[in-house]
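Structures follow.
Below, chain A partners chain B and then partners chain C, in two separate complexes.
Let's turn to the complex of A and B:
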């Protein structure tokens, strides 16, 4: 133990080790933060999306911090809601019993040089029998008015202005979010008109207690720290929760495979004869089993659960070059005098294997262990990239997979690829740098000057 | 004394061939047995204890349903007749695909077929030339995978060894330190850098293609075709190099450094031998078995890496075929590819053993003892 501490002291001489350790700490803090702020179930629910979860997020929006580096600022999402704001609503009772005109004016100040992504209105109505009726009018800062659709409103309803083909035709074929906000929709390259735009929802209710509320969402071009994907999901969720999953996966796989390999190698080399022979033949057998194709096959035909994959990866990585190397190490160690001494006082086989042989080579393997972790992190990312990630869990690899499936590179959505990639390489570099430095300290094959 | 040692030397030279041959023969048998067991395991996994059969039965019923629907007499049959007719068609189809026999029996048929590279007919996929034979489908894809990965691995290995040898003679120079500093970047695999390379050179600069093997449509002119091949090769090769070059170089540099401090190397230097001779005869020669071993192991991992890299670069090789086979649950193709992989790995291991036997003097002189 003291020797281990002394070597840890020696690590201080390597700046790469300090840096690597700092990077790993950052990741651990990020993982703890993710788990503390967002329970696992919540993360899974958010990532699975569904009705009402991500409705107000723009599709494929860039990260908000892009604006800090841009001369022409991109608009964030603007939401104007009439619920709880009586000043936006006017109610004029009609002569007939219970009928009234509900006039909602949703105004927002647009001061950007870029058009928003989309426009949509979400409506809520309460009524007993007869649904209210609403017509929509867009009023620009310079007083032009565009009448839009009229429709009866269900309890929860939405009007996607950007998908209104009739309106688009009236605007000379321009997308509504461009045509409505432009200073001149018929210009060659329209520019947004800055100032107070208004959406007027002219609703008629037919019952005494009946009421209508509207929420205008002007979808922006930027969203959150990491932007959004093609399903309006906030990528931050996957980036945050990907951290504990990646660390956990890498650590478990490394511990599982390495310790089993060690025990097998020690047992084989201690007992020798047929035990050793069997293990060696088995090793040769597994070495020619193509690991990735088998993982892919199981993922496609059976289950994509991350735990099954983890188990299979551990099982397949137990064997391989490492078992041979450890075996060679143990063969050397078993001839050591202290083992002979242990035998002389009557130590049992298991005692020798677990208390004398294995502890002996653990220090030698610490660097390898650290360097092994990112390999498994990347293996998980590889599987996800191939479309075999666990469908319920948000991971970095799955973000990459979504991005490549949707042609992110081709379409220029670089942020989508860069954020998970940077996190992956950050993890890889952190562990690898620490591993390399540990290797030099623990296994000084070379006396560095 | 002198005479005795020469005759002994002659006998040794004579028998060393026999020893290498015997060693190789033993290894060959061991590898073959391994291949048989490995392929059988693969078949078991591919069938997941009959899970695939369920899917295939579903497919058969669907296909039969369509077939029966096309029969003009169907509307005139009674319900019982109709059911009987469909069941009969299903039975014919089941028999045609050999699904009526128990899985255990079928698994041995699969094994025998797989070992003789007789993979049968694909159920869904068709080769570009229009064949349904799995063997043809795979053979069609093999050259492009070999073309990419043979080029990549040879380039990687050659440059890593040369650079490492160069660095080991210039220990502590800025280039040496740079390689040491860059080594941890190999924690990320090649496909990962591939994404960045596509982003920069195809996405932003628009200099190189996003993926594929040749332009579409392929140029008719031979020279143009070759140039187009080369152009598409640049990014995947760079990705392979970025993913492994620094760590491989670092590993060999350390390895050579240890060997170049041996007394006999110092001795050779003291004798005044030119540096390139010292490098070749006193450093490279004794480390050759280790170099070959590591090259073979690298080849093995290369076969695995092919799947992902081909997917990222849309390279029309075996890796991509594997995905299409999985997507359509085409078991014969799937199995064919995995068996091809197993064979490729086995051949790699075997070639390694033979080369090792020739290179390592311990094998030549002491026969089987070197195995331990």
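Let's turn to the complex of A and C:
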């Protein structure tokens, strides 16, 4: 152990090791942050989406920091809610028992040169028997008014202004979010009118105590650190939670496969004879099995659980060239005089394998182990990209899969593809740089002059 | 070569054979390497015996067989009257220490000295860590590695060759064995350290009344501490005698050649050609018939030496035995 530590000290001489370690540390911090701020269940719930989770997110919005590099700033999402803000609400009681007019004015100041992505109003009403009724009017800063639809309001209701075909027709075929906000909806290329836009919800309630609340969402063109996908999900969730999953997957797979390979190789070379023969034949057999097609087959026909995939990957990676290389190393080590001495003072087979053979080659394998981790991270991403990722878990590969299935590159949503790809490259690079440096430290023959 | 083992012998080896099977393509038997072929000797409590011979004569195989590392093909090893076999092996191992040639290779490089010395104790069932620690310290003190605390946490590569060999000695000694097998314990050490280690071995042997089997190719170190010497050639013992007797009066032609080959420090003899037996040591896969030395022997008796194995004779002094036709009375 102390020898290992002494070697680790030597790492300081390699800038690539420092950089690699820093990158790995960044990833670990990111992973810890993800797990600390967002419990796993919460992450899964968010990623599964569902009713009401992502209502306020725009579809396919770019990351917010894009604005820092743009002359023409893109609008973020603006939410105006009447709940808890009595100043937006006016209630006029009618003469008839319980009936009242609820007038909600949702105003926002729009100062962007680009139109928002969408407009929607979310309504909540409380009533016992008779649902309230609401009609909507859009008022522009220059005083033009556009009457929109009228509808009865259920307990939770929404009115998607952007999808109102009638309104679109009245606006000369313009998308409502453009037509309503434009200075001149009939212009060749409409520009947004800056200033205070208002949505007036004119509601009538029919019962005493019945009330109505409205929330206007002006969907922006940018959202969060990583933008959103086609299901309005915040990609940040997947990028954040993808980190612990990727690291954990890579680490578990590397530890699992490498330690098993080591134990098998040590056992085979120590016992020799038929044990070794059997292991070698088995190894040759499994070596020719193609891993990816098998995983695809299991994923398609049986289950895509990440644990099953992990187990399968470990099982298939145990065998291969590594087993032969370790075996060769052990065959050399088993002839060492100290092993002979151990037998002479009565050490048993298991003790020799685990305490005398395996520790001898561990230093040699540390660099290999470090370099092995990202290959499994990539493998998991590959599986996800092929659509075989665990459907419940947000991972980098899943983001890539969604992006590719929704033509992200074709549609110009580069951010969607680049963020997870860069994280994967970052991971690979970090571990590779550390691994190479470790290789130089532990295998001095590779050391440069 | 003694005929019957008497009760107070520490170790008795009778007609020991260690043959290795040679196969071609894994299953066709080509033959046997007869590394040790019919060796018998007896070792008393506290006695030191040297086994000498050139490389490949089977002395290391003999040592390993005695240690129980190779199963004997035939013959018996008896330790304190009990045959070493099966379940007796475990107890036997606690009673036999092993000192190897390469001190660095003999120590696991990834364990500190304390742990290296503790290992045999753990294996032989010393559960109490305090007792283990005590015994480790005692063993290190016995090999003069003091102050002990300086060495406990050191790794083998931090020690000098001499210190490493002391740790090997301490490990061989830690189970308080009755027999130590030392396989060329000083051949890889500097001349300056050799004497130290040999003196230490000698001291340990005297103090604890240890039996020692000292295996070497270097006759000059033999004189240093053994009483008896066995000369091996081609897997067989060709001569056995008390050290002084053998050095003064070698009987077997091979022994004579071996003694003649000792480097002579006298500068006058620097240019003198020594008589060296021609040829090479025999192939143990296909040993020559009769006396194994006969193809190289200067005093070959044709029709005898190359036909039948020589009988054992005791022509000169009691306890000085040799297997050579020159001394055979009649045709035994």
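Just so we're on the same page, the second predicted complex is superposed on the first by the 447 of 449 C-alpha atoms of A that agree within 3 Å, B and C clash if a C-alpha of one lies under 4 Å from a C-alpha of the other, contacts with A are read in each partner's own complex, and residues count from 1 in each chain.
FYI, contacts are C-beta pairs under 8 Å (C-beta built on N, C-alpha and C of every residue); 3 or more make two chains touch, one makes a residue touch a chain.
Source: prediction; values computed, not measured.
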Combined model on chain A where chain B meets chain C, clash or fit: fit
Touched partner set for A:375, first chain B, second chain C, both or neither: first
Superposition-derived angle with apex at the Cα centre of chain A and sides reaching chain B and chain C, degrees in steps of 10: 60
Residues of chain A touched, compared between chain B and chain C (which is higher): B
First, second, both or neither for A:336, with chain B first and chain C second: second
Contacts of A:344 with chain B and chain C, given as first, second, both or neither: second
Touched partner set for A:225, first chain B, second chain C, both or neither: neither
Contacts of A:436 with chain B and chain C, given as first, second, both or neither: first
Chain B versus chain C as contact partner of A:385, first or second or both or neither: first
Which superposed partner A:28 touches (first chain B, second chain C, both, neither): neither
Least C-alpha distance (whole Å) that remains between chain C and chain B when both complexes are overlaid: 7
Common interface residues of chain A - those touching chain B in one complex and chain C in the other: none
Of all residues in chain C, those that touch chain A in their complex: 64, 67-69, 90, 93-94, 96-98, 100-102, 105-112, 119-120, 123-124, 155, 168, 171, 175
Complex contact set, residues of chain A against chain B: 16, 20, 281, 284-285, 287-294, 296-298, 300-302, 321, 371, 374-375, 378, 381-382, 385-386, 400, 404, 409-410, 412, 414, 417-418, 421, 424-425, 428-429, 431-433, 435-436, 445-446, 449
Parts of chain A lying in touch with chain C, wherever the complex brings them together: 2-3, 336-338, 340-348, 351, 356, 359-360, 362-363
Residues of chain B that touch chain A when the two form their complex: 30-31, 34-35, 37-38, 41-42, 45-46, 48, 51-52, 55, 172, 180-181, 183-189, 191-192, 195-196, 198-199, 202-203, 210, 254, 257-258, 297, 300, 303-304, 307-308, 311-312, 322-323, 326-327, 329, 334, 337-338, 341-342, 345-346, 349
